[in-house]
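This report concerns only the one structure given below.
Every chain is named by a letter (A, B, C, D and E) in the order it is written, and numbering of its residues begins at 1.
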Amino acid sequence: MARFFMIRFNYKPAGTSPLSLISPSAASGPPALTLIQYNGEKIFEAEFETIEALLERYDPSMVNWIDIDGLGDVGCLKKLAAHFKIHPLALEDVLNTTQRPKLERYDDHFFIVGEMVYYNNEDVLCFEQVSLFLGAAFVISIQEERGHDVFERIRQRLRSGAGQSRFMGADYLAYALLDATVDQMFPVLENVGDSIEAVEEGLLAKPSPKSLTSLYEAKRLLLLLRRTIWPHREIFNSLIRDESGLIHRETQIFLRDCYDHVTQIIDIIESYRDLTAGLMDLYISSLSYRTNEIMRVLTIVSVIFIPLTFLAGVYGMNFNADLPLNMPELNWHFGYLFFWVLCGTLAVAMLVFFKKKNWL
Amino acid sequence: MARFFMIRFNYKPAGTSPLSLISPSAASGPPALTLIQYNGEKIFEAEFETIEALLERYDPSMVNWIDIDGLGDVGCLKKLAAHFKIHPLALEDVLNTTQRPKLERYDDHFFIVGEMVYYNNEDVLCFEQVSLFLGAAFVISIQEERGHDVFERIRQRLRSGAGQSRFMGADYLAYALLDATVDQMFPVLENVGDSIEAVEEGLLAKPSPKSLTSLYEAKRLLLLLRRTIWPHREIFNSLIRDESGLIHRETQIFLRDCYDHVTQIIDIIESYRDLTAGLMDLYISSLSYRTNEIMRVLTIVSVIFIPLTFLAGVYGMNFNADLPLNMPELNWHFGYLFFWVLCGTLAVAMLVFFKKKNWL
Amino acid sequence: MARFFMIRFNYKPAGTSPLSLISPSAASGPPALTLIQYNGEKIFEAEFETIEALLERYDPSMVNWIDIDGLGDVGCLKKLAAHFKIHPLALEDVLNTTQRPKLERYDDHFFIVGEMVYYNNEDVLCFEQVSLFLGAAFVISIQEERGHDVFERIRQRLRSGAGQSRFMGADYLAYALLDATVDQMFPVLENVGDSIEAVEEGLLAKPSPKSLTSLYEAKRLLLLLRRTIWPHREIFNSLIRDESGLIHRETQIFLRDCYDHVTQIIDIIESYRDLTAGLMDLYISSLSYRTNEIMRVLTIVSVIFIPLTFLAGVYGMNFNADLPLNMPELNWHFGYLFFWVLCGTLAVAMLVFFKKKNWL
Amino acid sequence: MARFFMIRFNYKPAGTSPLSLISPSAASGPPALTLIQYNGEKIFEAEFETIEALLERYDPSMVNWIDIDGLGDVGCLKKLAAHFKIHPLALEDVLNTTQRPKLERYDDHFFIVGEMVYYNNEDVLCFEQVSLFLGAAFVISIQEERGHDVFERIRQRLRSGAGQSRFMGADYLAYALLDATVDQMFPVLENVGDSIEAVEEGLLAKPSPKSLTSLYEAKRLLLLLRRTIWPHREIFNSLIRDESGLIHRETQIFLRDCYDHVTQIIDIIESYRDLTAGLMDLYISSLSYRTNEIMRVLTIVSVIFIPLTFLAGVYGMNFNADLPLNMPELNWHFGYLFFWVLCGTLAVAMLVFFKKKNWL
Amino acid sequence: MARFFMIRFNYKPAGTSPLSLISPSAASGPPALTLIQYNGEKIFEAEFETIEALLERYDPSMVNWIDIDGLGDVGCLKKLAAHFKIHPLALEDVLNTTQRPKLERYDDHFFIVGEMVYYNNEDVLCFEQVSLFLGAAFVISIQEERGHDVFERIRQRLRSGAGQSRFMGADYLAYALLDATVDQMFPVLENVGDSIEAVEEGLLAKPSPKSLTSLYEAKRLLLLLRRTIWPHREIFNSLIRDESGLIHRETQIFLRDCYDHVTQIIDIIESYRDLTAGLMDLYISSLSYRTNEIMRVLTIVSVIFIPLTFLAGVYGMNFNADLPLNMPELNWHFGYLFFWVLCGTLAVAMLVFFKKKNWL
């Protein structure tokens, strides 16, 4: 967590046509095109070179999962859009990789923008947009960056044919993808929790600027996660209440479960935010207390010794002692003793004063 | 309250089938299976070794309270689920012990996730999930940890047959269990209140880091309690407005009473949160005041004596007094007196200045 | 206002039957039972020894105001409940004296829990629960503590027969009681306002811990008042919108007026809360400013004199001046003068530096 | 703005009849009674001695604007109320001059409580209640204090007959009065804005307690304005949605415009509140920075010179240098030089330390 | 961003007729009148001297975009209003250039007040009101200040005939103008984000008042942007849900897209507000820490050396050493050594004390 995570957004110059499609600058190279086709009985999985080849294999009697990994090829997306009658604005949202997660209903399919959060190979937290199109017989998932994704486990479940996943429709597949998207927030939150706990332990013993930075980073990360997760709540809520027929009743129960996860994540994020705010208060209070204590010691020692030092300075003066009025104390028989008694009395008086002030 | 209470949550790796059932790592040993069967006339109570034996005894003409204490045996839960047609997702929620309290309606039963809060034998505050299934003739309660629970008093009321509890249906039993779950928050809140009051008393007299830690702990505990109690509001609200017929009209009056308790608990928690925030402010303000006072004393003493010490230092210099221009004061007849008058004047001037500044 | 006011709540052990009736521990002695019976033409008022005697006198053709002052006699309440078909849960709420104000509708009567706030004879602020049952021909008011109440003026109005109060039904009487309950908050708020104003005046001149405590106490009192008044809003709202027929149209206009009072009280409380928060900020800022000013004076004096004192110290050293390299300055002709010029230059340089820093 | 503005409220003792009418203590002298009667063709304007004389002149075929300036004569108000069938509670609200602005619907008229805000002749900000009764053919405006009002410009528009105002009904007149009431908040807000801007400019250069007081006063004034304006939103909202027929469709467009003004005022107030909060933060942060800087200078100078002064003190000690072990340095050939080298080294070491600490 | 941006509002004296039209004081010179007329086949574009000439060219069978750049000529606006039956209140809103963005529905057209935000040629951020009237065949855009606007790119798209813009109706043109208005907020936000990031980097290393000012300016700018963007949400929401027929179904999809942009902007603004608040906390905490550290060093050095200096002062006193009781230490054989041992012991004791206090 060495780097602060910025709030991302990109935009086209004001007044540009909303339908102009621009591949995000970060994208590079052609995307990987994969098709997984299955029903209760069989499963077919292949990677294709061109989108035309893939679309030829498309079979509406089975569930078709078309996965496009990378946004480097706008032409390929346009062909896909033409085939599935995807609205140009939806396509533009796919390419604008800093969309807010959302659900759009079109005539015969849903368009869902989600956000994956994961630690990449260098252990840096990444946010990656994933766009889903859900039709009666197909799910198209379009990922922002080629490479890492969080769907591998779902592919394995489909291949193995274990459980019920192969026997349910495209809506269940979409649910599974969204569920995987949401659930990978938990390990991230666990990390945040650990770092908050670490701060908590160190804070009272010795408040350090390092705890402060950790706290601020946690706060900032929570802000980003919150921005990402909140819109999901709405997405699932819409899906659960869907009446278009695209979502079957059995799947809705699963979506409800996923909605619960989202609620729990929001809940944890809010609690962590409260905790970090509390720790910030604790930090300042604790520092104030330490400063107060340091000042107290400084003050006590200074206030006792400063007058004494002055006194010692006085009797170190070189006034001509031969003149009768000058520094007669120096020649007193008990002069030195008198000096120490005076010092002692002053010091004790000060201590009594401090005691009364409750500073000792 | 030595230990801070962490926000708990556990999760399965993203992409795992939602229906995979895993016993929580903390669970150990087989659960205790108890059946209490009663109607207005008679009551039967027994502990069973196996769930099959228990289910054989099940009698839909009476109220059946099946209590499963401990989550160690997934097989047993599966058999139970099969018998009562419990949805696998509900079963998964039973096993995921960090669920948010909630109510799910299924065709012929309700599934309620609640949370018990209690001080265990070592006086440590524990949060324990309790899952309830409420059907027309049965209540199944599944507790997270074997041992301690808060239902003993209800068992006694059933056994003794006192009051109306034996004459009412399963819904009343569910109410009684939920009511017990909610009501044990009151002693916890009382504890929090006591600790806030203790801080309050000590704070103004002498702000200490101990008060600060107490405050933070109280704040944190209130955060946890708030997370636990808020969803109960929704649960009771749903139950009161239920139209499925599972909840009888007489029971709804009792649920309304319980809803009032929940509202009162929320109310108290919010008030305590306000108080702790106010005390935190008070702590910082009080420290600032003390620091200010200490600084004032230090400044007054320093500012008076520092110039005087300089003066004493000057007349302690060893410039060759034989040269006419060097330190003629030393040979003045009233030199020493002059020194003291100078010191006195300076000190009085300072005091006047401080008085004017309102620092004395 | 010497004592802090705690947030009160009492509770029964979790799992206890909701219907067990326990007299609050503070209650002592039997309650005072009073009946006021009136219609447009006549009025009857008497105190009774037993509830049976009182109930015998009950006349449904008139308005009956049964006032029970004190909760010491559970038996008496049970008889009353039996007579008016009061639900046991309502009775339990009457005895649980830390209820949140609320309105419950039963078949033929309303149950209202209100809260009186007043300064008692020792000028201590008291919160006292008052429970009202409003039927077609009766109002039962049950007060927590024997003695002080805020209804005396209403009794006088009834006795004198002045105004319209004798010509209207039980609903108007209930309104009058609730109105009196709400309106006695105004003098309390006036007190709070006075104490805030007092703090305001003292704060800028001389921030003291006393102002701080006053502020905290005001804050806390406002918290309690807010908790008490908010639920009243809901109560009046329900009464105004009532369609059961128990509340007549003319009375609803009066209830609306009372609702306005509640709104105004809430408004004032919120404003006062804002003010206290603002004053707390002002307190800290003002202290910071004073500390800053003190530090500035200390720093200026110290920074000017510390180097000079060092210099004086140097020329007070006793190095053997006979050795040619040791302290030749002491034997310079203008040594002493040179010393003062050096000191002056240093001091002026410092002052210029401070001036540039804007510290003078 | 020398005086802080208190939150005003007055109240009658709890339990007093809601209908008892008391003239506010501040009121003095009889009110000024004015009638302006107009339609599209002609206008009549006169001041009357008694309300009876005025009412005799009342002509329902024209628009009648009865203006009562001052609350000193309860009898007059009663006669008015009798004539227009005004509910006694409304009359009580007229006399209770600390009402929250509100709208009440009665059978054939509306009762509106508004609040005028203006700077009086001594440039002190005043809040004055104005009560409006709007019927089909009349508008009655009752002002709290005799003298200043904000309606003069409307009278002139009516007299001149310019624009459409004379051709529209009583509802348009009521709109015009309310609009004038609302619009005079703008200059007040402008004043607040100016004072905030002034604070802003001075704050960073030199944080002073004067800015602090200005800020607090602005905050407090905003609080009062907010309390006054918020309920107006509701009033206009009700009027716009009115279906009683008292408000004509054309007037509703104007009311919508006025509603926009209210929204804008609220908007500005909220923005100013945010700004003052931000400036308060800025003040404290800026002070902290200055304190920190002052401390840094003090610390650097002290830490460098305190050890040196000690050293100089050591060599000023009078140990008998004849004894071989006592202070041999004093007799070293390079003793004095050695002293200065030591001092220089120490000072440089300190400076390096401070540099490393980033304090220089 | 040298200048702070004030909250703008202007107003007419209270009581002025709502319909009086006053050209804003800033306006100067006659407006530029441009007409762009187009349909799918052809496009006509011309600048006119007078509004009459322009209106003559008006052709309801095409889409007419009338752009009036500058508010300097009220007469021209009145003629326009007469031609298109624009309500005088709408015209007044056009001239009152500090309107809150809003949408008003009139019988056959919509009136929309929007706000453009852009950096002008001197790189100063400007807020400029733009009023739109949308009818079946026309869009009238009225800009506050002559010169700069954000619509150039739209004109180019129309001229080039690229894309679909020429084939859609006036509603699509209005959408395009609003979209351009909204989208130019993104670069402004990007600037804010950059300045926040710059503060973030500098803050921990060395908290300076410059960061503070940057933060406050960012906060203030966000406040202004928030005020501007929030009402747009309502505008788009209304347009999307429009049922008047003025907005076609295809355009609604585009408006939904624009609504998403507004939501994203609000989202970013809220996140930035959270970040600036967090950075303000960080600033204060970081300063507190630095002050604490400085104080610690000062205290350690002072507390160690102040007693030692006193000691040195003592042995520099000139008490007559010939008297037996005066300063016998000076004549001790190991006196000087004893002094150093004493000093060392004291210093070590202090260091141990500090170590124990955890201050080293």
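Heads up, the rule we're going with is that contacts are C-beta pairs under 8 Å (C-beta built on N, C-alpha and C of every residue); 3 or more make two chains touch, one makes a residue touch a chain.
None of these values were measured; they are calculated from a predicted model.
J.: Count the residue numbers both chain D and chain E use at their shared interface, divide by all numbers used there, and answer same if that is over half, different if under half.
T.: different
J.: Distance-wise, how many Å sit between the C-alpha centres of chain B and chain D, to the nearest whole number?
T.: About 40 Å, centre to centre.
J.: I'd like the Å distance between the centres of chain A and chain E, where a centre is the mean of that chain's Cα atoms.
T.: The mean C-alpha positions of chain A and chain E differ by 25 Å.
J.: Can you list every residue of chain B that touches 2 or more other chains, as numbers and ranges?
T.: 284, 288, 291, 295, 298, 302, 306, 309, 313, 316-318, 327
J.: Looking only at which chains touch which, which shape fits best: line, ring, star, complete or other?
T.: Looks like a ring, each chain touching just two neighbours.
J.: Using the touch rule from the top, order the ring's chains starting at chain D and going via chain E.
T.: Result for the ring walk from chain D toward chain E: D, E, A, B, C.
J.: For a test of understanding, state which residues of chain E touch chain D in their complex under the given definition.
T.: 4, 6-7, 9, 11-20, 87, 89, 92-93, 98-100, 102, 104, 205-209, 212-213, 216, 219-220, 223-224, 227, 280, 283-284, 287-288, 290-291, 293-295, 297-298, 301-302, 305-306, 308-309, 312-313, 315-318, 321, 327, 329-337, 339
J.: Show me the residue ranges of chain A that touch chain B in the complex, using the header's touch definition.
T.: Against chain B, the touching part of chain A is residues 150-154, 157, 162-165, 176, 179-184, 186-187, 189-190, 193, 197, 200, 204, 253-254, 256-257, 260, 263-264, 267-268, 271-272, 274-275, 278-279, 281-282, 284-286, 288-289, 291-292, 295-296, 298-299, 302-303, 306-307, 309-310, 313-314, 316-320, 323, 325-327, 357-359.
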